[in-house]
Every structure is written in structure tokens, then in C-alpha cells.
Amino acid sequence: MSKYVGRCLEIVDASGLDYRLNPMGTVVEGPFDEVLGLIARCHKAVAKDCDRVSTTIKIDDRKGASGELDGKVRRVEAAVGRKLRT
Amino acid sequence: MSKYVGRCLEIVDASGLDYRLNPMGTVVEGPFDEVLGLIARCHKAVAKDCDRVSTTIKIDDRKGASGELDGKVRRVEAAVGRKLRT
Amino acid sequence: MSKYVGRCLEIVDASGLDYRLNPMGTVVEGPFDEVLGLIARCHKAVAKDCDRVSTTIKIDDRKGASGELDGKVRRVEAAVGRKLRT
Amino acid sequence: MSKYVGRCLEIVDASGLDYRLNPMGTVVEGPFDEVLGLIARCHKAVAKDCDRVSTTIKIDDRKGASGELDGKVRRVEAAVGRKLRT
């Protein structure tokens, strides 16, 4: 499994878009079409030698937002009043 | 939004289960029933003062696995051959 | 795959809760704890002879709502002004 | 909500791709790029008058598969040995 995830992360890392890898997925921030195009390239890079590929995508599209990869986590920590495990 | 996520993270943090907060969610590791019970408590803590609550859960249940919050990320980094943004 | 999905649907069908099977999942309506308990039983019925089980859950919890399995589809058809493929 | 879902279903229905609407989402079958392009058009049609849009996508990409909107449901019913609620 890590082999295929690694293949995707090479593509994400090379995209120039900001991202954070976590144990259950990768969060990418960027313009809608760029992010969707990136996901398509990752999916196809796996599909080229797998008979069946399952991809789950959750989009949070907020007008004018940026810097949210750190911003969202920071706001939750501010609400709780201390550092959390990240 | 951060107010409700913060309320959930208080509960997660107090549960004793290991977790990692990320910009789009929180990953928790533990025995199936404990994790599901924790999710239920978080959901209800939000539902008590919201008319509509949307919760998305993705379970990866692997026999005998543990330490995967760090393990999964480390194996992807090993496959890529360098540190990634986490 | 159909074997495992079939095993889950036996459990769903026997639960007494209302449900609709679709090509990518099953939608169940009922009280929060009953629905979550049902999902847990389905997951475990598959996990008992699989080393790894992936379960995705999306909860839409709306205070006082019922009859939504038909209601939601009907409201979309009303908005569009005609029958849709279901 | 039905207003926005209805707007998406107009686009899906006009796309020529086969689909099934269910209470929690819509399942579309077709070539990868066509389906992803359709989802992008739906998302943007909602985003144009909403400040924040959440879209969840689950892709099951199976080489050479077609007719699966009915096929998947039929195989589950075959596994169970009777008609199920759809």
C-alpha cells in the first residue's frame, strides 16, 4: 500500500501546491481546478497498474481562504486553549 | 466552526486514545468499540446545540495493527525516500 | 465483494430500520445509536474473516426528521420539476 | 438544500452519463475524466452563489467495468437470494 501512496505523494510534492500528509490521507490546498487535476494524476498513476482503485475526496471550498492547512489547526488549538497532537 | 471542532477535540484528548488532528479531520487509533463510542460522544456533543450535524467517518480496521498513526506516515516517507510535509 | 455486502444487507434488512441499497452504499434511517450499532454489527460481520476492513460512514443528523429516505429524493425531484433516475 | 442538489441533478441529467440519485448522494458511471469533469461543473454551479461548498466524492474505478449501476445492486440481491429495498 505504501508503495502506491508514495507514488501519489511524489506527484503531490512535485506539484508546487501546499499539502500535509496524515495517517489516513493527504490534505492539499490550492485553486479548485489545480487540486482536482492533481488528484486525477495521482489516481491514474495508481490505476495504471491496478485493476481496481478506490479514491475518496472531501472538498472544503471557501471563498477567499488561504493558508488554511495551518490556519484550521491553529484555530482549533485556540478554541481548546492549548497545543493538540498533530 | 472551530468552536465545535474544539469541543470534539477536548473529548478526544481526554479519551486516552492516541490521535492526530489535521486540517480536514482527526485520526484516532484504538479498539473498534472504543473509537466508535468516542465518535458518538463527539457527534452528540455537537448535536446538543445544532439542528443539523454532518459527520464523516472512515475506518481502516487492520487485524493486530497498532502504532499506525506514526507508522503509516513513516512507511510512505520510506517509500518516497525522504521526509514529507506532515 | 458482493458476498460481504450481501452479509451486511442481511443484517440491515433484519434490523427493522428502513434502508435503501444503492450501487455505492446503503442508506439507513433511524435513531443515532441504533444506526451506529447496526453499522458496527455489519463491520464486525465482515471483519471476522477479513484481515483488513474499510468502512466509510456519512451521517446526516437532523433534529426531528423522519421519512427522509423518500423525502430527500422527492424534494430534489420537486426542485427539478420532474422524475429523476433512482 | 434541495435547490442546490436540484441544480446539480439538472447538470448530471443533461450530461448523458448514466446515474442514480439516492437520499445521500448521486452515483454516476462513466469514463474517469468525464465523471470528474461533471463533478467539477456541479461543484462550481453551487459555489457561484455560496461562500462555502462541501463536496464528498468516492470513486470506484474498475478496469473494463460497465453497467455497474444496476449490476452491483443485482449481485448483492443474488448473494442474499432476494429483492432488497432500493
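All chains are identified by letter, namely A, B, C and D, in their written order; residue positions are counted from 1 within each chain.
Convention: contacts are C-beta pairs under 8 Å (C-beta built on N, C-alpha and C of every residue); 3 or more make two chains touch, one makes a residue touch a chain.
Bear in mind that the values here come from a model prediction, so they are computed numbers and not experimental data.
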Steps needed, at minimum, to go from subunit B to subunit D via contacts: 2
Selected from A-B, B-C or C-D, interface repeating A-D by over half of its contact pairs: B-C
Longest centre-to-centre distance from subunit B, chain (CA-based): D
Rounded Å distance between subunit A and subunit C, as computed from the means of their C-alpha atoms: 27
Inter-chain centre distance, subunit C versus subunit D - centres from mean C-alpha coordinates, in Å: 16
Centroid spacing, where centroids are CA-atom means, of subunit B and subunit C in whole angstrom: 22
Touching two or more other chains - residues of subunit C: 54, 56, 58, 60
Chain contact topology (line, ring, star, complete or other): ring
Subunit B contact footprint on subunit A (complex, rising order): 2-3, 5-7, 9-10, 13, 18-25, 27, 29, 56, 58, 60, 68-73, 75-76, 78-80, 84-86
Residues on subunit B engaged by subunit C in the complex (per definition of touch): 32-33, 36, 40, 43-44, 47, 51-63
